[in-house]
Amino acid sequence: MPKGGEEAVNMAQQEMEFRVDMFSRLTAACFEKCIGRSYKDSELNVGENSCIDRCVAKYWQVTGIVGQMLGGAQFPGK
Amino acid sequence: LETVQMRDSLRLYNTLVERCFNNCVDSFRRKTLDKTEETCVKRCVEKFLKHTGRVSLRFQEINGGLATPD
Amino acid sequence: MPKGGEEAVNMAQQEMEFRVDMFSRLTAACFEKCIGRSYKDSELNVGENSCIDRCVAKYWQVTGIVGQMLGGAQFPGK
Amino acid sequence: LETVQMRDSLRLYNTLVERCFNNCVDSFRRKTLDKTEETCVKRCVEKFLKHTGRVSLRFQEINGGLATPD
Amino acid sequence: LETVQMRDSLRLYNTLVERCFNNCVDSFRRKTLDKTEETCVKRCVEKFLKHTGRVSLRFQEINGGLATPD
Amino acid sequence: MPKGGEEAVNMAQQEMEFRVDMFSRLTAACFEKCIGRSYKDSELNVGENSCIDRCVAKYWQVTGIVGQMLGGAQFPGK
């Protein structure tokens, strides 16, 4: 494979790992913030569902702010 | 590529076990789970999977393609 | 190496990483649950020892429940 | 080598987002950050970067070359 | 394979330092550990290593070969 | 590449990963210990700065103690 091609593959792999890492941190953060610890049943209730939606939206906004502050151009998702 | 998916699902497995064990099991006077602990673990797993599914949907909506966050 | 062989090596490596990861999470969880923070001496006392044994047993049972719920056949340890 | 640096800076990115989100965002009655949350996130990021810079300096002084800790 | 073992023992090293530092050091009025902190760190390390040894034994008993958890 | 050379590269890479891991745990630990959660402004104040310096010094001493107890010869930083 030409050197440029290999680099492109590495970049793509890093970007994917970055997204997987972000997703798992986001999932954990919103579980902590939105889901009660009592586990009275196994369904998500209305309050939990809307909390999750807003939590994901806010997390994504924080991602944007941090990306800008780090000089976002070189970061994925910008 | 399947290797990556395999690795991610194994990590999810360990994450679920760790989280639901920590949230549901606090007594060590017996060496088997009692009924309450077992129910708690099952609900914890189901809730976490449903939660992950919903987060995934929302994340794809927002993050679809290569959209920027702002 | 034939393709099948390489895949088998990858699978074995993933299974090993999975076990190492499980072991380190289990160790941390049972340390939190069983070992007091005061560190009055450097030995494990009787209560801590039996707590560890039960903690490992219960952690393993949780592993089994979660494995079944995830449709365990493809997971190691099943 | 650049691959390693890239990976580390991406990890820093995720660490910062996670930490500052967890420390600054606690209300989910709206789906956009309010002014207070946004200010908190920005200060959190700036403080963490300055903190990391100082730790890095001190760490290099102590750990320069291959010095032993004692 | 030795590479994997090396990596795991380095990770154990960092885990031990992090845990015992966090549990034992809380005052930053001096820049050297006092006697109490040092004793605490040493006991923490010894306890954690003994704990890990016991978990490892029990884990192998249960998990020996490729036994299923149920 | 001769086998010895490859091993040396692997060792160097592991040592580097070890240092990166140590640095990120150290940074997180001292942030928790030294930086208040209120974020009244975006500067580090005098107290935070001197706390950081001492925190790094003490963390490094703990690294030394643990290294010795693990039979330090084979660990980097010894």
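Chains: A, B, C, D, E and F, in written order; residue numbering restarts at 1 for each.
Here, contacts are C-beta pairs under 8 Å (C-beta built on N, C-alpha and C of every residue); 3 or more make two chains touch, one makes a residue touch a chain.
As the structure is a prediction and not an experimental result, all values here were calculated from the model.
Enquirer: Going chain by chain, each one touching the next, work out the least steps from chain A to chain E.
Expert: Minimum number of steps from chain A to chain E: 3.
Enquirer: Where the centre means the average of the CA atoms, what chain is farthest from chain A?
Expert: Using the mean of the C-alpha atoms as each chain's centre, the farthest one from chain A is E.
Enquirer: Roughly how big is the turn, in degrees to the nearest 5, that lines up chain B with chain D by CA atoms?
Expert: 120
Enquirer: Would you kindly say which chain has the C-alpha centre located farthest from the C-alpha centre of chain C?
Expert: If we average the C-alpha coordinates per chain, D ends up farthest from chain C.
Enquirer: In whole angstrom, how far does the Cα centroid of chain C sit from the Cα centroid of chain F?
Expert: Result: the chain centres lie 27 Å from each other.
Enquirer: Roughly how far is chain C from chain D, going centre to centre by Cα mean, in whole Å?
Expert: From the centre of chain C to the centre of chain D is 30 Å.
Enquirer: Can you compute the centre-to-centre distance for chain A and chain B, using the mean CA position of each chain? Integer Å is fine.
Expert: Distance between chain centres: 15 Å.
Enquirer: Please set out, as single numbers or ranges, the residues of chain F touching at least two other chains.
Expert: 34, 53, 57, 61, 63, 67, 76
Enquirer: Give me the residues of chain E that touch two or more other chains.
Expert: 11, 24, 42, 46
Enquirer: Beginning the circuit at chain B and going via chain C, which chains come one after another?
Expert: Result for the ring walk from chain B toward chain C: B, C, E, F, D, A.
Enquirer: Quick check: in the complex, which residue numbers of chain C touch chain E?
Expert: It comes out as residues 16, 20, 23-24, 26-28, 30-31, 34-35, 37, 39-44, 48-49, 52-53, 56-57, 60-61, 63-64, 67-68, 76-78.
Enquirer: In the complex, go through chain A and note every residue touching chain D.
Expert: The contact residues of chain A facing chain D are 10-11, 14, 17-18, 21-22, 25, 29, 32-34, 50-51, 53-55, 57-59, 61-63, 65-67, 69-70, 75-76.
Enquirer: What part of chain B is in contact with chain A in the complex they form?
Expert: 4, 8, 11, 15, 19, 23-24, 40, 42-44, 46-48, 50-52, 54-56, 58-59, 62-63, 66-70
Enquirer: Under the definition above, what is the set of chain E residues touching chain F in their complex?
Expert: Chain E residues touching chain F: 3, 6-7, 9-14, 16-18, 20-22, 24-26, 28-33, 37-38, 41-42, 45-46.
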